[in-house]
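Take a look at the structures below.
Both of the next two complexes hold chain A, though its partner changes from chain B to chain C.
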Partner chain A sequence: MLNRLYRWLDLRYGIGEIAEKELTGYLLPRNINEWYSLGSVLLVIFAIQVVTGMLLMIYYVPDADKAFKSVSFIMNEVPFGWFIRLCHAVGSNMMVAVLLMHMLSTLMMGSYKAPRELNWVTGFTLFALVQGISLTGYLAPWSQLSFWATTVATNSVSAIPVLGPTLVEFLRGGKLVGPATLGRFFALHAAVLPVVIAAFIGAHLFFLKRTGISAPPFGRDETANPFEAREYHYQGHPGGIPFFPNYALQDLSSISIYFAVFLAVVFFWPNMPFTPDAFVPADPFKTPAHIKPEWYFLANYQTLKIFPSELLGLSVQAAAMTFLALLPFIDRSPERHPLKRPLFLTLAIAGILLWIALSVWGHLS
Partner chain B sequence: MENEGRRKFLGVCVAGCTVAAAAAAGYPVLRYLAPRSGQGGAAKLVIPAGELKEGDAKFFEFAGSSAVLIKTSSGQLVALSAVCTHLGCIVQWVKEKQQFLCPCHGGQFSTDGTVLGGPPPRPLAKIPFTVTEGNITIG
Partner chain C sequence: MIRKNILAILLLAPLLFLKPAAAVAAEQPETVCIQCHGSMPDRLGAPVNLWRGSIHAENGISCNGCHGGDPKDAANAMSPQRGFLGAPKEKDIPAFCGRCHPGVYKDYLASAHGRALGAGGPTCVTCHSNHQVMKASLALINEKSCTRCHSFERAKAIRDAMSGTEARIVGISGRIAQFQVSGVDTEKMGKALFAVRNRFHTLFHDVDVNRVKNESAAINKELDKLDAALKVIDDEHARRRVVGGIAVAAALLLAILFHLMKKTYD
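Let's turn to the complex of A and B:
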């Protein structure tokens, strides 16, 4: 049956040729490692977020008067509503975590270097967009937590000289966070950002297909990047392992491990994405004590607290982000092995330690 | 070859796991999407008889669907389903003519639900009711 369908399609559209080119004939470097499968894991996570998001939209009402109630309804009355919602909430946290790991491996293995600058830039943009979609989605349940986290987050924009206050008001759709904010954040979260993210994922994959996958710099004598900007060149890996079935199985096992961790959190640590303020409806007249952002924003939050002026704190963050985004244009040496790049390694480790320290500090303070 | 058999066995295992995982994910989703039970609305309804004047009709929700109670000019009470038997529109009460008109395709029903004209194939369904001490209990 399946065979006949395959033959029917193959006779008309030559899918056998595509399968040969993209699956079995698509060779990857022999020394490719597990870290390269995180991209597939991220694709799966994105798909789960889209599907659970669509499902949540069936019962969720994006109206300040009804949002909290509708979320409680999903959690308490709809069969498996808690499951769908937790998958969405936990999934967003996991997406950021896996994204950070994906970026870390790219940094360590130097895959961001020429000719893959645009892979890095689109990927970095995706990172920013994912933060944006997390932030806008955070407001949706209209709880004390969402309300005040959004108040604080949007407020930091006011530090921008001259334009700041107007910008905040524009962002919020009013002087304060209110029903108008929910409307625009919901539109961003459920309509605008998913489409933009999907487009960037497309671009990211397109660049990946065009340049070919980079070989890990380990376990070979020659780790330097052979790129020379004379003409376009696809990096193939003759004598490598085929994507299907060899690396597809690696992808599959990484995805399975991801699911194990993800479902363990969903089932055994269901309050992971929430603090007690998440269970109280938003009250614009009462700020709860110790309002804190999500873990991945803790470092930013702490930076803002350290610097005496908000503008300074914001500029430092903007500078750090810009530096990271433009890294492939700054770090131009072809060497890709991390141990042969002492300056890079020192800076990277220092940066990571700083980020962790700031996050822990932000969490404790 | 032995290798071939091993490959096949592992392939079947992977496929089996995938199917099991899909089923495990599909069941909650299906339940999540299924209509909520117990939302059919009240199966019994009490309407004070004084609410209805002669020749008037009162529309209400009954058992999750639309129903109508009329008091004919001769003072007779009738309770009917208001769902047209043709394609499911809600019939209108035309007071002057003392009959029901379906706005969708022009079906006409008399006060007791019989088809007077138009496409509806069956009369409107009757709903049982009792009258006690000025209260009309539907259902």
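Let's turn to the complex of A and C:
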């Protein structure tokens, strides 16, 4: 039966040729490692976020008077609503965590270098967009945590000279966070950002397919990047391992490990994405004592606090983000092995330690 | 060399702008009552230190909360025009406290203690102390305190009848709070417990042993219903954890299976 269906489709659409080109004949470097599978894990996470987000939209009401109750209804009354909501909330945290790991492996293996500059730029933009979609989603439950975290986050924009106050008002839809802010953030969270993220994922995969996958800088192959900017050249890997079944099984193995961790958090640590303020309805007249952003914004939050002016704090962050975004155009050496790039390795480790230290400081402050 | 120096300066320059975290914290301003009386000796200063260890201080109720006056203006802080009441006479103490605790005031007046007001009976401060006001709890019904006026026998019988109920209320309250911070809709249970707790608190000033015993039994029946509702949630969460454990184990097994399958192709 399956054979007949295959022959029927192959006769009309040549699916055998596609499978040969994209699966069994798509060769990957023999020394490819597990870190390369994080891209597939991220695709799965994004798909879960989209599906759970759509399911939540069935009962969620993006109205300041009804949002909190609708989320409570989902958590308590809708069959498996608690599971869907927790998957969405935990998934957003996991997406940032896996994205950071994916970017870190790209940095360490020098995969951002020529000819893959745009792979990095689109990936980095995706990182910023994921932070944006997390921030806008944070307001959706209209809890004390949502309300005040959004107030603090949008307020920091006011430090931008001249345009700051206007930008804050534009973001909030008024002088203060209110029903108009919820409307804007919900539209961004559920309609605009998912489409933009999907487009950037498409661009990221397009660049990956056009340049070919990079070989790890350690193991069997040469460490130097063979790219020479003379003419377009697809980096194939003759004698490599086929994507299907070899690396597809690695992808499935990594995805299963991800699911084990993800489900462990959902079932055994369901409070991970929340603080007690997340279960109190938003009250603009009652500021909670210790409102903190999500863990991945703690370093930014602490940076704003330690500089005497918010503008300086924002400028330092903007400079660091621009530096990272443009890294492939700054670091032009063809060497990709981390141990043969001592300056890079020192800066990278110092940067990671600084980020962790600022995050811990932000959490404890 | 110059490039390295510039790089070092650029990397370290932001540190010059750091400010110590301690500088961020601001001191809470004190009322003028505390500022003046806090430095006074003996009778006029003692209430400040006593107040610091009170349930009122814990909940941010300062001197002016009871005695009135203007806590921001030292010159007129004790001016009757600014609502200063001063210290009440003994027979006025229950009404003085009752401005904020009207329910308790009503229960007290209805009790044997309240009926003896002005005839040697106890007032609020006899048991709860003044300035170092102690939180209403069964610990206040103790031999040392009660035997100042009468034998402890009846008081002990009342305390024994109520202590189990109080422990249950505290336990259920804790469980509800725990569920509330994990997204469970505890509004109905919270309201029910609030009503039960209020009903229980009316017994605190009752000295009729039989009524306390009967009422405690009725309150316990209400607590049974809350216990049953909490057990349903507990069971549901336990079921979720079992399903979660199976799901996590299945995902790990799949990971191992895929890894072994991949090995066969290597």
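Methods note: the second predicted complex is superposed on the first by the 363 of 365 C-alpha atoms of A that agree within 3 Å, B and C clash if a C-alpha of one lies under 4 Å from a C-alpha of the other, contacts with A are read in each partner's own complex, and residues count from 1 in each chain.
Keep this in mind: contacts are C-beta pairs under 8 Å (C-beta built on N, C-alpha and C of every residue); 3 or more make two chains touch, one makes a residue touch a chain.
Only a predicted model underlies this, so the values are computations on that prediction, with no experimental measurement involved.
Trainee: After the chain A overlay, clash or fit between chain B and chain C?
Mentor: Result for chain B and chain C: fit.
Trainee: After superposition on the shared chain, which partner residues are touched by A:Leu55: those of chain B (first), chain C (second), both, or neither?
Mentor: A:Leu55 sits against chain B, while chain C stays out of touch.
Trainee: Quick check for you: in the superposed arrangement, does A:Phe285 touch first (chain B), second (chain C), both or neither?
Mentor: neither
Trainee: Of the two partner chains, chain B (first) and chain C (second), which one does A:Leu252 touch, if any: first, second, both, or neither?
Mentor: A:Leu252 contacts both chain B and chain C.
Trainee: Going by the contact rule set out at the top, does A:Phe267 touch chain B (first), chain C (second), both, or neither?
Mentor: Touch partner of A:Phe267: chain C, not chain B.
Trainee: At the Cα centre of chain A, what angle separates the centres of chain B and chain C, to the nearest 10 degrees?
Mentor: Vertex chain A, arms to chain B and chain C: 70 degrees.
Trainee: Of the partners chain B and chain C, which touch A:Val78 in the superposed model: first, second, both, neither?
Mentor: Only chain B is touched by A:Val78; chain C is not.
Trainee: Between chain B and chain C, point out the one touching more chain A residues.
Mentor: In the superposed model, C touches more residues of chain A.
Trainee: Which holds for A:Tyr232: it touches chain B only (first), chain C only (second), both, or neither?
Mentor: neither
Trainee: Would you give the minimum C-alpha distance from chain B to chain C, in Å, for the three-chain superposition?
Mentor: 6
Trainee: Following superposition on chain A, which residues of chain A contact chain B and also contact chain C?
Mentor: 77, 252, 259
Trainee: Residue numbers of chain B touching chain A in their complex, please.
Mentor: 14, 21, 28-29, 31-34, 36
Trainee: Any idea which chain C residues touch chain A in the complex?
Mentor: Counting only chain C, the residues touching chain A are 14, 17-19, 21, 24, 180-185, 240-241, 243-245, 247-248, 251-252, 254-255, 258-259, 261-262, 265-266.
Trainee: What part of chain A is in contact with chain B in the complex they form?
Mentor: The contact residues of chain A facing chain B are 55, 58, 77-81, 83-84, 252, 259.
Trainee: Inside the complex, what are the residues of chain A that reach chain C?
Mentor: Touching chain C: residues 72, 75-77, 82, 85, 241, 245-246, 249-250, 252-254, 256-257, 259-260, 263-264, 266-268, 270-271, 274, 276, 278-279, 305-308, 312, 316, 361, 365 of chain A.
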